[in-house]
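Some structures are shown below for you to check.
Each of the two complexes below includes chain A, the first together with chain B, the second together with chain C.
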Partner chain A sequence: MPSWATRNEVIVALVIVALCVVTALINPSFLSLATLFDMLRNGILIGLLAIGVMLVLISGGIDVSFTAIAAFSMYAATMLLVDLGIGDSLLLAFLISAGIGLSLGMINALFIAGFGLPTLIVTLGTLSAFRGFLLAFVGSDLISNVPPAMRDFSRSMLVRGTDAAGYFYSLPTAVLFLIAAVVITWFILYRTMLGRSIFAVGGSREAAARIGFNVRATQVFVYGYVGVLAGTAGLIHASLARVANPSDIVGLELEVIAAVVLGGARLTGGYGTITGTLLGVTLIVLVNNTLVTLGIPTTWQKVMIGFLILLGTGLPAFQARLRANRMG
Partner chain B sequence: MTSPPLLDLIGLSKSFAGVRALDDVGFAIAKGEVVCLAGENGSGKSTLIKIVAGAQPADAGSIAIDGQVQRRWSPMDAVRAGIQVIFQDFALFPNLSVAENIALNQELSAGHRFINWKAVRAVARRGLERVGVDIPLDQTAETLPVADKQLVAIARALLSDARLIIMDEPTTALTEREVRHLLDIIRRLRDDGVSVLFVSHKLNEVFDVCDKIVVLRNGRRVAAGTAAEFDISSLTRHMTGRDIAAESHRRAAGADARELLRVEGLTKHGAFADIAFSLKAGEVLGITGLLGSGRTQLAKALFGLTPVDGGCIAVDGRPAAIASPQDAIAHGIGYVPEDRLTEGLFLSQPIAANIVVGTVDRHTGGGGLLDRHGLKAEARRWIDKLKVLTPSPDLPVQSLSGGNQQRVVLARWLATNPKILILNGPTVGVDVGSKAEIHAIVAGLADAGIGIIVISDDIPEILGACARILVMRAGRITDEVSGEVSADDLALRLAS
Partner chain C sequence: MTRLLGGTALGLLSAAGFALVAGTTATPAQAQEYTIPTVVKIDGIQWFNRMREGVDRYAEDTGNNSYQVGPAQADAQLQVQIIEDLIAQNVDAITVVPFSPEALEPVLARARENGIVVVAHEASNIENADWDIEAFQNVDYGAHIMDQLAACMGEEGEYAVFVGGLTSRTHNEWIDGAIARQEEAYPNMTLVGDRNETYDDQQRAYARAQELLRTYPNLRGFQGSASTDVAGIGLALEERGMEDDTCVMGTSLPSISGQYLETGAVDGIFFWDPADAGYVMQELATMVLDGEEIAEGMDLGVPGYNSVTIDGHVIYGQAWVDVTAENMDDYPF
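== the complex of A and B ==
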């Protein structure tokens, strides 16, 4: 088998195609613009978070606190906007939410880059701390009268219409944020020294330090970037839902990490691609959506995702072992 | 007036937790000079390199570049001064391409914020040209063979306008032919005016390539001079602090010795084919070949680590089905792997536990409980017998030097009472003093009636230890020679 055939991207893409074919056979209305836009809409939050997680995995770390950051930023920003009566500017809303996300990301960075603590331990701690702080000191009630800017944003569509079968479809403007995040992240990773330093640090921290990369600065950037993405994703989520619910988003972390790992990023660091991550996100969103369409109970989603992770990470590992055995 | 030396080390000292790793060490390296830093493990070589590289500060002493004493000395200062260190692990990025591994350093020090892939490839190509090799630029570094990784590291060092390249044990993982290639490259660099500080404990290489030799022992400079002032025995004496007799440890089988092992038509597709030989009690049989000749695969197959596609193995005259290490051990076969760190030892576990781990079954008392005193006594016995140098058997194995670690691996197998012992690269990464002692131990084991197979590409070692040598090439045994051939002759048979 050629090496490209065993890459995660290819496996995931094949599974996606297969899943689409099966779903379309059972439910022909699946193949519609409405479904596509629906999935895109559902993919914005997971996609933004996944891009951040991918960056962390490439840099050789892991972050499980990003959902708490997203929920915290979303809720605190909405609350500020409402309480201060400054909810008319969308730009300001995003700046506040991303700013809060950045600050929380910096707390992670302080422990990880500053004190050199293990990333999993730190982010497990901050996951719990951010979430607890949010519920205990910021608030635990739903904010359903979201500021006007957020409400308008939720109604803003790039495309809307009704297809031949009479289904209504619409694509929220928020999807532009996902596209922008993809383009910016791609540019950083593949066109800037900073991006190469993320790969370098993830490949070999020691070697990166030896040739003069500032490993700590790279880590600060990575965790800050995750914070900004999480803050942005949180605000988009609250806008689209037209409610800031402090218990939203948290709990998604394993699903997001699963999407990224399915896309070929390695937990040991150094590897990860945007294409792979987006495919992983697509697969997770697809599983979440289509199983319902297929009449499979939602509890099976978890089983299915678990199985896909084992397949997606196990198959390339198995192939690598066969190769190693042959070469000896 | 002569120009000041490129690098001058003056009175460097360094202590770790009260232990003197370096004590008032100084020497100079001139432009275009190849200096060898020789010394056993633990002599302070690595500490010295780290200080020169700026990775660790010295407690006392100074570093002068072109006669200028440097006040600040960080890794970046060292790089700016034209000093490039190629560490044993090459410090490559396993996940990045060859091109990036070579060029990233330069792009970074040029202060570029953005990556121009065309420039990266051009720079990398130039680097490989200076080394005189051709390695695919897009290949991921982790998939390269060791020798190529090293060449990539050298190419990278050369590009940063290196005036002094420091190579830490550059030949450890290389085959004879690759070592010769490396030495050619070092000579080329010297002719280009690049200085090289070559750290090694393989003595024959030291003489081949060096202008000057500096010997460290226990953190002190015990000798220094031009290569012509030393010979193998004086160098060995300086390194070890004692005379090591170059006695032969060759053991041939007695005429009436019984046959312990017979291998016929052993084949594994893509690794080796039609391997046939026999091993008698008390014999030390050598198997040599270049990297990729199938020697390691064969060793693993004999020990049941890789399944074979055909052929048969007989132990003690009876056919033996060896499909797993458990089968091999049951037939009295022991295997000391090439990479003892990852395959042979539990590094963080105590020395004693490492020795008795294979014989725990024999020390279980009533109710399946372990007889702790029995285990301890057994471990002690082997520590004494093989002269493992340690203050306590309770220390972790990783606290030992390479030679002592290898003794622990040997002890583990000897404790199982093997009939046949397969030693793969028994003295890789082991210093001269320990090497001779390990060879003596091996000879002693053969005298005790154990059949021993030594697999190695260290030609002097194989000639010194084995009475009969099988040469493998491309997966087949192409030659059988006695230990009386010359080293050059054997090297020729390996490579041709």
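== the complex of A and C ==
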């Protein structure tokens, strides 16, 4: 088999195509613009979070606190906007939410880059610390009267169409944020020295330090960047849902990490691609949004998702071992 | 019956101050004036603020020393401590909404050994209580929601059902009751799909509603169970512009679904009024203290509890509240 055929991206893409074909055979209405738009809409949050997680994995770490950062930023920002009566500016809303995300990311960075603690331990700790602090000291009630700017944003559509029955399907403007995040992250990873240092640190921390990369600065950037992405994603989530619910988002972390790993990013660091991550996100969103159409009973849906993740992550690992055996 | 708010309430750790109500007013007073505290799961959230209104109203109506206390955090151990304090104060009765009935059994047993009457709410499996009062039987409640859904849909068409979790006994009993009623009374309605599981997550309810609409273009009715279900469904329908052609009914609160009731994306929501539950717990405790018999079909003097049914030491009312866009402002929680 040629080497490209065994890459995760290719396998995941094939699984996606196969799933789409099967779904379309069972229910031809699956092949519609409405389906595509719904998927894109439901992929924004997971997509933004996944890009951050991919960066962390490439840098040789792992982050599980990003969902708590997103929930914290979303809720605290919405609350500030409402309480201070400054909910008319969308830009301000995003600046506040991303700023809070950045600050929380810096707390991760302090422990990881500053004290050199293991990333999983630190982020497991901050996951519950951020969440606990949010519920205990910021607030635990839903905010369903979100500020006007957020409400308008949720109604803002890039494209809107009408189906045969006269009902709408639409693509929210928020999807532009996902596209922007992809472009910016691509630029950083492949067109800047910072990007090279992220790959280098993830590949071998020791070697990266010896050839002159600043390992700590790189880590500070990575966890700060994840914070900004999470803060942005949180605000988008609250806007689209038209409610800031402090218990939202947390719980998605495994799904997001699964998407990134499915896309080929290695838990051991140094490797990951944006294409792969987006494919992984696509597969997860697709699976989450076709099980009813496929007629799979609710009790079996989790089994299906688990099986797909095992397949997607296990196959490449198995192939790597085969290759090693052949060589060895 | 269980928490209306499901997973959401579990995580509620309110920062609202621990309102230490001065429970020991120095009035031994006449024999029929009792000191009856109501111990709630957590102080300072809207649900129990509403319950406090009922308890306070009872104090006004009767002259009893009735008041509400609760821990600042949703924690079974803190509830135990509060009840221990109340035993030490030698109150006449304790009414309680247990955070975890199992965790309270020992301390409630001790209260009863000390001659204190115990009345519980939302704890039909509790053992160490004189009575447990439930707002309704789950199956009846689910059937009631189905009646409203059927009326809205003109008793025909496809409908789908949502639960917070397949493991949530309460939600599934509501849906059992709804489906049974549909099969028996509304033959022109058809259930499509399985029970949709939302994990008490509005976004999941939203995505499920979208998918159901794509898969079943003739779907016109939805019944939700978790308090966020109908809000997620309502959002999906509103984005599709379908709010006038569909019917959405389910358990929720005005604070969660109000904006969709206003636009008509959600047509009716249902719950039980914590103020009435608080009032009726107090009334029940007083009746036990006065030595009155509690019997099947009795009227406890609170709307919805006018003809109670009794199963063991559990008392059921029919105290659901139907809320639409017209009367949602009466329930600010």
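Going forward, the second predicted complex is superposed on the first by the 320 of 328 C-alpha atoms of A that agree within 3 Å, B and C clash if a C-alpha of one lies under 4 Å from a C-alpha of the other, contacts with A are read in each partner's own complex, and residues count from 1 in each chain.
Keep this in mind: a residue touches a chain if its C-beta (ideal position, glycine included) is under 8 Å from a C-beta of that chain, and two chains touch if they have at least 3 such contacts.
Model, not experiment: these values are computed from the prediction.
Asks: Comparing chain C with chain B, which touches more residues belonging to chain A?
Replies: C
Asks: After superposition on the shared chain, which partner residues are touched by A:N289: those of chain B (first), chain C (second), both, or neither?
Replies: second
Asks: In the overlay, answer first, second, both or neither for which of chain B and chain C A:T192 touches.
Replies: first
Asks: Could you say whether A:G125 touches chain B, chain C, both of them, or neither, answering first, second, both or neither?
Replies: It touches nothing on chain B or chain C.
Asks: Determine, under the contact definition given at the top, whether A:G99 touches first (chain B), second (chain C), both, or neither.
Replies: It touches nothing on chain B or chain C.
Asks: Of the two partner chains, chain B (first) and chain C (second), which one does A:S204 touch, if any: first, second, both, or neither?
Replies: first
Asks: Please work out whether A:D141 is in contact with chain B alone, chain C alone, both, or neither, and reply first, second, both or neither.
Replies: Second partner only.
Asks: Flag every residue of chain B that touches chain A in the complex, lowest number first.
Replies: The touching residues are 53, 55, 75-76, 79, 85, 87, 91-96, 100, 104-105, 107-109, 112-115, 270-271, 296-297, 300, 306.
Asks: Which chain A residues qualify as touching chain B in the complex?
Replies: Contact set of chain A toward chain B: 190-196, 199-200, 202-204, 206-213, 269-271, 325-326, 328.
Asks: Would you pull the chain C residues touching chain A in the complex into a rising list?
Replies: Spelled out, the residues of chain C in touch with chain A are 7-8, 11-15, 45-46, 73, 166, 193-197, 199-203, 206-208, 210-212, 214-215, 217, 228, 231-232, 235, 239-242, 255-256, 258-259.
Asks: Show which residues of chain A lie in contact with chain C when the two form their complex.
Replies: Of all residues in chain A, those touching chain C are 27, 29-30, 32, 34-35, 38, 42, 45, 132, 135-137, 139-142, 144-145, 165-170, 237, 241-243, 245-248, 251, 288-290, 292-293, 297-299, 301.
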